[in-house]
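What follows is a single structure, and I will ask about it in a moment.
Letters A, B, C and D mark the chains in the order given here, with residues in each chain numbered from 1 onward.
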Amino acid sequence: MMDATGGIPLEHVIWFAITLFLIGVVGILIRRNVIFILLSLELMMNAAAVVFIAAGAFHDQADGQVMFMFILALAAAEVAVALGLVVQLSRRFKTLDIDAASEMTG
Amino acid sequence: MNTQATLMASLPYIVLAGGLLVVMLGICIRRTHFVAWSLTMVTLIATLASHLLGYEALGEGITVTMLIHIDGVSYLFNALFVLAAICTAVIAYQYVDEKLRFREEFYLLLLAATFGSLTLPAATHFVSLLLGLEIVSISLYAMVAYPEKVRGPLEAGLKYMILSVASTSSILFGMALIYAASGSMEFAQLTPVSGSAEGDVFYLLGHVFFWSGIAFKLSLVPFHIWTPDVYQGAPSIVTGFIATVSKGGVFVVVMRYVMESDVFSSEAIAQAIFLIAAISMIVGNLLALQQRNLKRLLAYSSIAHMGYLIIALFLVATQPSIGFETAIVYLAGYFVMTLAAFGVITVISQGSDSELASIDDIQGLLWRRPIPAATLVVSALSLAGIPLTMGFIAKFYLFAAGIEGEMWTLVGLLVLGSAIGIFYYLRIIFAMTAKPEGELDSVERGSWTGISAVAVLGVATLALGIYPTPLVDFVQTLVRVSGF
Amino acid sequence: MNVALLIGLLLTAGLVAWSSERFHKSLPNWVALVSFLIATIWIVFVWLNGPSEGGTYADQSYEWIPRFGISLTLRVDGLSLMLIGLTTLLGAVAVVSSWTETQTRQGFFQFNILWVMAGVVGVFSAFDLFLFFFFWEVMLIPMYFLIAIWGHEDKAYASMKFFLFTQISGLLMLVAIVALVWVHYDIHGIITFDYDTLLETELDSSVARLLMLGFFIAFITKLPSVPVHTWLPDAHTQAPTAGSVILAGILLKTGAYGLIRFVITLFPEASQEFWVYGMGLGVISILYGGYMAYSQSDFKRLVAYSSIAHMGFVLVGVYSFNELGIQGAIVTMIAHGFSTAALFMMAGALQERLHTREMSKMGGLWVRAPRMGAVTMFFVIASVGMPGLGNFIGEFLVLLGAFQKNVLLTVLAALGIVVAAVYGLSLMQRSFQGTPNPDVPEMKDFAFREMSVMVVLMVGLVWVGIYPQHVLGMTDAILPLLGVVP
Amino acid sequence: MMNLLWLIPTFPLAGFLILCATEGKLPKVVTACIGAGSVGLSAIAATLVGWEFVTSDSTSYSQVLWTWMVVGDFNVSISLYLDYLALVMVGVITGVGFLIHLYATGYMWDEEGYSRFFAYMNLFVFAMLLLVLGDSLLLLFLGWEGVGLCSYLLIGFFHTDPANGYAARKAFVVTRVGDTALILGLFLLFREVGTLDIQQSLDGARDIWPDGSVMNTAIALLLLGGAIGKSAQVPLQTWLPDAMAGPTPVSALIHAATMVTAGVYLIARMQDLYLLSETATLCVAVVGLVTLFIASFTALVQSDIKRVLAFSTMSQIGYMFFALGVGAWSAAIFHLMTHAFFKALLFLASGSVILALHHEQDMHKMGGLWRKLPIPFWSMLIGSAALAALPFTSGFVSKDAILLTAAHSETLGMTFWSIAVAAAFMTSLYTVRMMYLTFFGETKTEPHDKSKANMWLPLLVLSVLSIGGGWLGFTVLGTLFGDKGVPFELHLKELVAIATMCVPLLGVLVGYLLFATNVFDRRKISDSAPGKAVGRFWFVGWGFDKIYDSLIVNPFRWLARVNKSDAVDYLYRFTTLVARIFHNLLTVSQNGRLRWYALTMFSGLLFVLIVVALI
C-alpha cells in the first residue's frame, strides 16, 4: 500500500492516528479536571476522523469525508450534553475534579 | 426500487420522528406534563401500530439506501423496543410527576432514544450503526443525569457519558481501521483487500477497537465496570431503559454485523469474543453474589446475562435463523423481566425521597405491597431461569442453541453461572418473604398506573413462561420470512 | 382417569384455599383437606376399576410447544398411580398434621402445599421429558416458600441450600435432556421430547454414559444419596411439619421414580454397566446415613438421616437390576413414605408441645404421653425393619434381589439393618424412655385428630407388611417395559 | 379339628389387640383375664389339635392361610406347619406360657402398666407360636424378629430406669447381629435352592447336595449364627445376663423357657442341612460345649440370683446345642422341654422370693428363708434338683440322654463327654451354692410372703412337671424324629453311665461341704490372689462385654461424637467460601473512581489486543 495519497502513505497516517488516540487515552487517565477529560475525548474521536479521511482518500471514495462530518456533528452533540453535566458538577460538588464524584462503590 | 413500498416499510420511523416533533412543539406551546405524556404515548402506540401497516409492504425485506435494511426481524425488534418504551413511559409518569422539575423534556429524550434504537436493528452500514448508537447514548446521558439536586444521577451521568464516549471513539477508530483495510463501510463487504499484509493487520486491529467498544456498550467483562454505578445512580426507570433498549439495540446490530460480514471466520476475533463471554458469565455472577443493593445486583446480573447471550451471537455466524430466533426470544424475556424489576423499584419508591433499592428496604415486602412484590418474585425467578417463567424458556433456548452449536464450554459455564445466580436471586425473594416487624396491613399505595403496568409485566412473564407457543411461532415465522 | 383434571383440581384448590383465608382462619385447612380426600378417593376408584388393556390408567396428550415437539403428555401406569395415591394421601396427612401448627397466613400455606402436590402429581405422570423437567422444577418453588416462610430458626440457610442443590442438579438434567433430544434430532431429523420416541434413540456408549450421569446426579440429589445428601437434614429440620412430611414422604420418591422411569430405561446399557457405582452409593448411603442418624441429638435430624439410609436401600434395589430388587425398591418407597411421614409428624407434635427438637431436653415422655410413646414405638419399629410391617418387605426384597447381583455389597447393606436398630432404639430411648425429664412441661397426649392420622398410617404399614401383593401387583406389569425383566 | 391350627396363634394376637385398643382403661381383673385367658385358650386349642394330631397317623399337617408375596419366581405364602417337633414347642409355649401368665397376674399386680405388660406378653406368645408353626423360613423369621421385639419391650418394661433401657437395646442389637447372619443365610438358601419353604428347601438341599457341599455348610453356619444370637451362645451371649432387668415372669417365659430356645428349634428344624455337613454339626457342638463350660463357671460366682439362673440357662442351652451337634436330636428337644419346666419353675420361685424381699436380688442379702417361704423353697428345691440332674428328675433323664449319646458319638465322643460332664459337676456345684445362700444360713432380710393362689398354683404344676416330665420323654419324643437322628434307647457302657449318673451327686456333695460346712474354708480360696483374679474374671462373664465395648461400642460412639455435623458438608461449605472470596476480590475493583474505570477499560482493550495477537 505504498502508493501515496498526497505523498503520505496510509499506514503512516494510521500510526499517527493511533498516537493521537493514545494521547487522548493518557489524557483521560492522568487529568482530573473534567474539561481536560472532555478535550481528551475529542482528541480520540478526531484520531478516528483522521483515519477515516485518509482511508477515504486512499480508496478514493467520499465516504471518509462523509463519516468525518458525522463525527463532527456527533462530537458537537456530545459536548453539548457534556458541558451541561459539567455545569451541574460544578454546582453540586463545587469543583471540576472528577474524583469528587465517586460516591458509589461496591 | 418501489418507493411506495419503501415508504410504507419505513412508516414506523416516519411516525416516530413526526411524533417526536409534535411533542417538541407541544412543549414549546404549553408545558403540561399530562399532555406531553399522552402525546408521547400516542406517538409510541402509533409507531407500534404502524408496524402492522408496514408489514404488508415488507415481504422479503426492503433495502432503503445502503444504510438501512428493513425486514421482519428488524420489525420484531422495533416492536420490542417500542413496547419497552411504552412500559417505561407508563411507569415513568408517576415518577416524573413526583420527582422532576422539568417534566416534559424527559419524554422527548425517551422518544429520541427510542428512535435511535429503532435504527439499530435495520442498520447494515457503519454510518447507520454509529448514528443509531449515538442517538440512543446521547439521549441516555441526559436521562441518566436528569434529576436535579441529587448527587447520584449526576455522578452516574458523568461516568456514563465520559466512559461511553471513550468507547464510542474506540468503536469509531475501529470502524476507521476496518474501512481503511476493506474500503467499504457496508457490513456485507468488509473483507480486507486481498494480498496486503497490512490490510489484514489493520482489519484485525480495527476489530479489536470495534469489539472493545461494543463490549463496553453490552457491559461485558472487562468493559463492565461502569455498569453498577450507572445502574445505581440513574433513576430506576431510566436504568430499566438502559438495561433493555440500549443493550438490546446494540446486540441486534452486532448480530446483523456478525451475520453479514462473517468476522467470526477470523479465528482470533472469535476466540477473543468467546473469552469475553466466558469471563462475563462467571465474573458477573460472582460480583452479584452478596450485593445488597438491588440495582447494582441487577447490573451485575445483566453482565452475566449478556455473557449468556453471546452464545446466540456465535450461532448467528453459523445458523442465522436459529441464532436470531434464540436472541429474539431471549431478549424478549429479558426485557419483560428486567423492566418488571426496575418498574417495581420505581413503584415501591413512590412517596419516599430516596429510592428503596436496598435489600433491607424490601424486607417483608410480600406482605406490605403484595402486587409489586409478587411481580418482583416472578421476575427474580425468571432471571434465575426457573420454570413457569419466561426466563426459563429463554434459558432453555440458550441451552438448545448452545448444544446445537456444540459450544460445550459455554453451556457448562452457563450452568455454572445460573447456579451462582440462583443464590442471589433467592436472597431477594427471601428478603421479601421475611416476616416484617409488626403485622403491616397489606394495602396498596401509589399510582395504579404504575402498579398495574408492573402487574401486567409480571403476568406476561408468567404467561409466556407457561405457554410460549404464540411468541415462539411468531418469531419463527418472521425469522423465516426475513429469509435467514 | 383425567390426570390434567386432577392437577387442575389441586391447583384451583390452592387458589381457593388462599382466597378463602379472609372468610375464616381455618377455612383453608378444610379446603385443602377436602380436596386431598376427594383426590385420594378418586385415585382409589380408579385403582379399583383397574387399568385399560394398555396397562395404563390414564393417557392424555396435548400440543404445547410444537416448535420443539413438546407436548403435554400425561400417562399413568401402575407405578405412577400408586405414587400419586401416596401423594394425595400424604397430602391429607400433611394438612391434618399442621392443622394447628401454622398460625400465620394459613391460606398461603395451604396454597403452597396444594401446589407442591400438584407439581408432584405432574412429575409422576409426565411422559414428556420437557414437561417432566417443568414439573420437577415447579414443585420446588412452593416447597421453598414452605421452608422459607414457615420454617424454624435457621430457615434462610436451609431453604437456600435445598433450592440450590435441587436446582443445580436439575440444570444438569436439563442439559442432558436437551442433548438427548438433539442426538435424536441428528439421527432422525425430528425434534421431540416425547418419552416413547426418545426410548428408541440409539446412542453410542460414551454419549449415553454422559447423559445418563446428567439424569443420575439430578435424581440421587433428590433421593438423596451420599455425597449429595447434605441439603436434606437441614431442609427437614427447618421445615414446618407439613413440609417435612411432604419432603420425606413424597419429594424424595420423585428421585427414586426418576431413576426407575428414566435412567434405567433411557440408558439401559449405560446403567447396566454403572450398577456397581449405583449400588455402592446405595450401600454407602445406608451405612453412612445410619451412622449419622445415630450421632444426631435433634429428633428431626435423626429421622432425616434415617431416611437417607432408607433411600439407600432404594438405590441398591434399583441397581440390582432384577425384579426382586426393583419391586423391593418400590415397596420401600411406599413404606418409607408412611413411616417417615409419621415420625416427622411426631417430631412436629413434640416441637409444638415442647418447643424443642433436642432430645437432650426430652426423655421419659412416655410417662406423660403414653399414646405418643406407643405410636412412636410402632413407627420406629417399622423403620427398623420389623417383619410384618411394610419397610421389612421392601428391604428384604431389595437385599434378596441385590444378593443375586453381588454378595459383598449385600452383606454390607445388610449391616444397615443392625445400624438401623441402633439409631432407632436410641431415638426411642432418648425421647420417650429413660428417667422423665423434670424440665418438660405438662404436655397433652395425642387427641383424636392426630390419632386418626396415625392409625391410617399404621394400617397402611401393616397392610403393606402382611399383604404387599397389592403394591407388587401394581407394578409387576410395567417391569418388562422397564427392561429389567428379560 | 386340625384346621383349628390357626386359632392357636390367633388368641394371643386378639388378646394383644384388645389390650392395645383399650389403652389400659380396663379394670385389672379383666386385663388379667384377657392376658392370661388368651394364652389359656390357645393352650386348649393346642391340646385339641395336638390330640387329633397324635391320634391321627399323619406325621405332618400344614395349613395355608394366604399368599404373602409373589415376585417373579419368589413365592412365599403365610401358612402353618405342624409336626411333632412343632407340637412339642407349641405345647411348651402355650402350656408353660399359660402358667407363667397366670403367675404374672399376681406378680405384676402392683406394677405400673399392668395391661401394657400383658399386651407385650401376648404379642410375644403370638410371635413365638408363629416362629414354631411357620411353614416358610420367612414366616419363621417374622416370628423370630417378633419375639426379639417383645424381648426388647419386656426387658425395658420398667422404662423409666435408663439401665433397663440399655439392657433392652443391648439384647435387641446383639441378637440383631445374629439375625443378620440368619437373613443372609436365607438369601443364600434362596439363591441355591430357589425357595424359602422349609420342607421344600430341605428336600431341595438333599437333592442338590446329596453328600454335602461348601454352599450347604455356609448356609448351615449362617443359620447357626442366627441361632447363636437368639439362644445367647458364645460369642453372642452377652445380652442374656443383662436381660434379667426385665420382670421375673418375663425372664421365666422368654429368657428361660421359650425364646432363647428358638435357636435350638431352628437347628432342629433345619436338621437335614446339618446332617449333610460335618463341619456345621461340629461347629454346633463346639459352640454349645464352650458356652456351657464358660457359663457354668460364671454362674458359680454370681451374687444376683437371677444372673445365676441366666448363666445356668445359657449353659443348659449349651447342652442342647451340644446335643444337636453330636446328633442327639431327640435328646436336645427333650432337654429343651424339661429345661423349660424346671427353669421356669426356678425363675418363678426365685421371683416369689424376690417379691417377698421387696425386689432384693442379691443372694448375699438373703438366707434362712426356707422356713419362712415354704412354697418357693420346695419348688426351688425341686427345680434345682432337676437342674443339677439328680436322679429321678426330668433334668436327669434328658441330660443323661444327651451325655450318653455324646459318649457314643464316634468323633471325639469321649473328649466332648468329659468336658460336658465336668460342666455337669459345676452345674450342681453352683446350684447348691444358690440354694444354700438363698434359703439356709442366717436370715439377713425379713420376707413378706404375699403369694396368692394364682402364684403358687403354677409353681405346683411346674414342680410336678419337673419331676415327672422326664417320663413324657420316652412316650412322645421317641417318635419325634422318626427314623432320623439317634434312636432313643440307652445301651449303657457301664462305666460311662455310672460316671454320668454320679457326677451330679458328687457335685452336690462337694457343694455341701464347701458352702454348708467348714470342712474346707472357701474364703481361703476366694481371697487368695489367684482366686480373686479368677473369681473376678468369672464374675464378669469371662470379659466378653469389655472386649466388645472397647472394640466396637466405644469406637462407634466416638465416631458418632466427632462427626456430628456431617463432614461431607464441609465440601460444599468450602465451595461457597471460595465463591465469597472471589466476590470480595472482584468487588474491590468497583471503587467508584472514574479514571480507574477508564484504566480498566483500556487495559481490557489491551487484553483483547493481546488475545488477538497471540492467536
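Here is the rule we use: a contact is a pair of C-beta atoms (placed from the backbone, for glycine too) under 8 Å apart; a residue touches a chain by one contact, two chains touch by 3 or more.
Predicted model only: the values in this text are computed from it and were never measured.
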item	value
Pair joined by more contacting C-beta pairs (A-B or A-D)	A-B
Central subunit by CA centre of mass proxy	C
Distance-maximising chain from subunit C - centres being C-alpha averages	A
Geometric centre distance via CA averages, subunit B-subunit A, whole Å	26
Intercentroid distance (Cα basis), subunit C paired with subunit A, Å	65
Centre distance in Å when subunit A and subunit D are each reduced to the mean of their C-alpha atoms	97
Distance from subunit D to subunit B - Cα centre to Cα centre, in angstrom	78
Set of subunit B residues in contact with two or more other chains	158-159, 162, 166, 170, 228-229
Subunit D residues counted as touching two or more neighbouring chains	587, 590, 592, 594, 598
Pairs of chains satisfying the touch condition	A-B, A-D, B-C, B-D, C-D
Touching residues (chain side subunit C, partner subunit B) in the complex	63-68, 104, 133-134, 137-138, 140-141, 144-145, 148-149, 156, 159-160, 163-164, 167-168, 171-172, 174-175, 178-179, 182
Touching residues on subunit D, where the partner in the complex is subunit C	20, 23-24, 66-72, 74, 78, 138, 141-142, 144-146, 149, 152-153, 156, 159-162, 165-166, 168-169, 172-173, 176-177, 179-180, 183-184, 187-188, 190-191, 556, 559-561, 563-564, 566, 568-569, 571-572
Residues of subunit A touching subunit D in the complex	25, 28-30, 32, 98-99, 101-106
Touch list for subunit A against partner subunit B, complex	1, 10-11, 14, 17, 21, 24-25, 28, 34, 37-38, 41, 44-45, 47-49, 51-52, 54-56, 58-59, 61, 63-64, 66-67, 70-71, 74, 77-78, 81-82, 84-85, 88-89, 92-93, 98, 101-104, 106
Complex contacts: residues of subunit B adjacent to subunit C	381, 386-388, 392, 396, 399-400, 403-404, 411, 415, 418-419, 422-423, 426-427, 429-430, 433, 435, 467-469, 472-473, 476
